[in-house]
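Two complexes follow with chain A in common, the first pairing it with chain B and the second with chain C.
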Partner chain A sequence: MHVNAIEVRNVWRIFKSRDGIVEALKDVNLEVRKGELFGLLGPNGAGKTTLIRILTTLLLPTRGEAYVLGYNTAKEEDKIRPLINMVSGGEYSGYGLLTVKENLWMFSQFYGIPSRVAKGRILELAKELKFEDILNKKVRNLSTGQRQKMNIARAFLTDPKVIFLDEPTLGLDVEVAREIRSFVKRWITEKEDRTVVLTTHYMHEAEQLCDRIAIINEGKIIALDTAENLKKRVSSEFSLLLRIAPKIDVSWIKNIEGVLNFISRVEDDGLRLRIIMEREESIGDIVDGFIRRGGKITYLSKEEPTLEDVFLKLTGRGLE
Partner chain B sequence: MREHIRTIKTAMWLDYQITANWTRPITFFTYNIAKPVGASLLLLAMYYVVTGRIMGTMALSFIYVGNAFYMILGQVMMDLGWLVHEDREHYQTLKYIMISPSSYYSYLMGRAATRFLLSVFPVIFLLLLGLLIPIPYRFNYPLLIFTTLFGWIFMVSAGLLLNTITLLTARYGGSIGEAFAGLFYLLSGVIFPLSVLPEYLTKFALFLPSTYWFSLVRRSVLGVETDPFLSQLSLNLCIGLFFLTTLCFLVLSLAFYFSMDYLARRKGVLEMITTY
Partner chain C sequence: MMSFLRAVKGRAYPRVIGALREPSWMFWEIFLPLLSISAYVFVYRALHAPPEFEGFVILGGIMTAYWLNVLWGMASQFYWEKETGNLQHYIMAPAPLESILAGMALGGMFNTTTRAVSILLLGTWLFHVHMVITDPLLLALIFLICLAAMYAMGMMFSSLFLLWGREAWVLNSLFEEPIYFLSGQNFPIKALGSYVALAASIIPLTLGLDAMRQLIFPSSLPYALMNPYIELLILSLLTIVYLILARIFLKKMELLGKTKGTILTRWL
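Right after this comes the complex of A and B.
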């Protein structure tokens, strides 16, 4: 029988706290096939981590059901747990008094991996992720990047069928982030039945790694496709990047014909704008509009659409 | 079963690394010996102030032995109060242990076991020191070994009860441990006989395994039970009641654990960080 790696059916998650009620997930539906490197792309607070927590059996959905490899995450966590693992970015997980090797070995024991096998795998992973030099270092003395490499190794060490990576490169320098990305890419191609679910708010990461991407915003999946197909949704469009000074009112932009959406960010003593539009003739109107309002344009470029533009077109906001 | 034992062993190893390896062994033993000895000397001084005597009376033996063995119970409760909290917020490992195939319950048992074993050392030391006072020991070794072993089961289940509560609470993890420790201290005849308690508290104490544990401790170390109330119980009855209440505690803690585990997943507190 054909079983999807992941199925999410009408999942809602509502948090009640003193500050009020948050609907973190609103009727989410999706399927991830075995062997896929699947991305969840969305801005802060979109609900990515909440979905990962549900899929990793740490959290129950308020309504709806989720399945990992055919097992219900709310009721059959015992079946799921041996088959999955997870890494979260931007945290400092690990026992500071243990060495890297000890930490990894300990977690392998919670998965019942024979000690000798585990030690072999630790060495292999250390070689692949280039952290052999810190194996005997105490965890509390590690840099952020070293710690994250250890945590990546912790999760892959157990040879999971489905691995969840929640913003795995968050806060890492370019070099380490690239090493981790290429490791993940290699890992999934090594065997057919491996599946990766990755969340990120870096569109390049999603674009570079993922077979398919779900764009999530305010608890809802608003688009789901390959990066290529997603970008086709804006293929007749382009984006215009502008820097202007001083800060002036920009609300008039959306009234210009051909402008689909735009975001502006305050920067130094001016503004940085990203406008997604579909009529090249309208560029003149925009330039004109700024000059008439006393704004100086210090930078202007026209770009091919990216995933960020898909997001911008759909939601009217930026990713980061 | 094999998996549980492996998890317990790994957790014991981890706890030993965390608790005992944090400084050189010498520092560790000073900490482990100096602290309890200090507490005991303080108690002796207080006893002297109140009674004006220090030489080996039965009342002093009662206090001294009760206090020495309370070191185990108090230490285990206080330490375990922090355990979930630390794993969740300081080491941030709780969620990774939770999603592993190992039972978190077994993990906690292992952690509690090491704490228990480590806190036995100061008791041995205090018992040796008691020879100087002198405390009139009349050891019943088989009974002492039985009492200690079952004490472990009791403390582990009490510790687990404690931990399942802290699983759901964000803060106050440690204070819950202290509350547990204080409760056992007051209600189990550690340094004063049960009969001085108001009647309803005495009745409550009869449901606590710790009450019988301390009674068995005195019987196996001093050869007699001096508590006027508990001395009415025969040794066999005392063992039986200890057995029974411990079993109830264990079942209760398991039931608690499974409902808390569910509640924690529903409320989403397994990876909560409360900035402190």
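Right after this comes the complex of A and C.
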């Protein structure tokens, strides 16, 4: 019996287009244990969704092999499909003229679930995800949050052994996102053989939910561990958050001793910076540098390291 | 088998319920086609054509409703499903894609039959078309086998439309007007000459219309292309061929989609 829900071995995925070749995944290796809530954390375009597509039998790897519950995703999709399901953020599946209940029932039929059982599960899920009030509402009249709750219910309705949640809270308001996260957390603890693979670029979501997290960047897994252990990698460091006005050149920051990496984002009237550093004494040099260059510091804060700092240290990029 | 039937029922449901829930189709799909039919009827009347020609137009209008459903509701459906994100869920589900297509077809047939019957009743009433059904059983059989062949053709196109990678409405336009012409929607197909008519017989609508005209308007026999029994046989063979091709192209589409990454999902 396999202890791993997922095994990915030396997987490459290369896309060829008129514009050239894109290496979306480069020699990816990972194992997800049964019963684990596993996170794939990375910025847009890192390769998260490509990996999910391979694991959900929608895409073939160019090289290498992937297994879900011991079955090869390229050759044994018929055995995998009844055992998995997937939800993506911003999904528009279903038919607008059907009600939420009818849509969910329809998708359940593609998994061979008897109507009576399906209808019972729909009511249970509606109660758990707090959308009983919209069960008879047409899908085309739903808000984004209501629609995503329906999508979540669609995937969990089939009681999968492994569920893939691809940016499930993308674009949702705080409350709906929180409800979805707590539902996922409850669901996985109800039975020990359930596994969740979650992709996200929200670090707090990965940190809050996941047992282990793989950080993926430019198609490569660059770190894999628990959130706690990942943060230990930057335990001797801290982040400095600054807001500067007006927009000025900041390339000099990297030459200051003790600065490991930084990212800057343009805002309306200036810049927002996140600097990862290892020497507190260098804060003065940074402040002095801005003043000498005509920059005004409107906000300054020193923070404990987060997963974003781990990512920043490893890649030199931000997550969002 | 039960799972297959459940998937068929599931996918047919939105189409069946759509007909009941959206009454606006009555205007768009009965009144507007009737206008088009009326134009042909008045042209034939002005030319003092035999009265059965008016019946040809009504029958053509009925069968065109099915052809439009085959094009817009079957052939291009996977394209629309890909755009909305449904296609990836259909592929990921354990139900075979054939069951999804069968559900679309049955739902589409139900949906279109309500329209077709309305056109038939209103058309015959408005233009006093006189029908003499000589062999109701054969007529029913030809009608059903013609529908089966048309929807099997639609199933085959559903994969091809995705593989060709064009906007679905462009391909639909390509298959709309030429098929109206080649199927002899409003005139006896024999008028195009025997060779063209025979070549056009790969379109189920052509043979179906020709056979049904003979069985509903016996005076139209001089315009008939071939014996209705032979047409029934060819339509049955076409159904089998199109179903086999649909299955082959489905597999090919899925494999190509999984290899290239651009066919099944919109975002890649």
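The criterion applied here is as follows: the second predicted complex is superposed on the first by the 317 of 320 C-alpha atoms of A that agree within 3 Å, B and C clash if a C-alpha of one lies under 4 Å from a C-alpha of the other, contacts with A are read in each partner's own complex, and residues count from 1 in each chain.
Throughout what follows, contacts are C-beta pairs under 8 Å (C-beta built on N, C-alpha and C of every residue); 3 or more make two chains touch, one makes a residue touch a chain.
Being a predicted model, the structure only gives us computed values, none of them experimental.
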**Superposition on chain A - do chain B and chain C clash or fit** = clash
**Message:** Just checking: does A:D78 make contact with chain B only, chain C only, both, or neither of them? Give me first, second, both or neither.
**Reply:** both
**Request:** Quick one: classify A:G284 as touching chain B (first), chain C (second), both or neither.
**Result:** neither
**Partner chain(s) touched by A:E91 [first = chain B, second = chain C, both, neither]** = both
**Asked** Is A:E102 contacted by the first partner chain B, the second partner chain C, both or neither?
**Response** both
**Asked** What is the contact status of A:G20 with respect to chain B (first) and chain C (second): first, second, both, or neither?
**Response** neither
**Message:** Quick check on the superposed pair: does A:F110 touch chain B, chain C, both, or neither? Answer first, second, both or neither.
**Reply:** both
**Prompt:** So, A:R53: does it touch chain B (first), chain C (second), both, or neither?
**Reply:** both
**Complete:** chain A contact set shared between chain B and chain C covers 15, 53, 56-60, 78, 81-82, 84-86, 91-95, 97-98, 102, 106-107, 109-112, 154
**Complete:** As the complex stands, chain A meets chain C at residues 13, 15, 49-50, 53, 56-60, 78, 81-82, 84-86, 88, 91-95, 97-98, 102, 105-115, 154
**Prompt:** Quick one: in the complex, what on chain C touches chain A?
**Reply:** 2-3, 6-7, 9-11, 13-14, 17-18, 21-22, 84-86, 88-95, 100, 257-259, 261, 264-265, 267-268
**chain B residues within the chain A interface of the complex** = 3, 6-7, 10, 13-14, 17-18, 21-22, 91-93, 95-102, 107, 265-266, 268, 270-271
**Item:** Of all residues in chain A, those that touch chain B in their complex
**Value:** 15, 53, 56-60, 74, 78, 81-82, 84-86, 91-98, 102, 106-107, 109-112, 154, 158
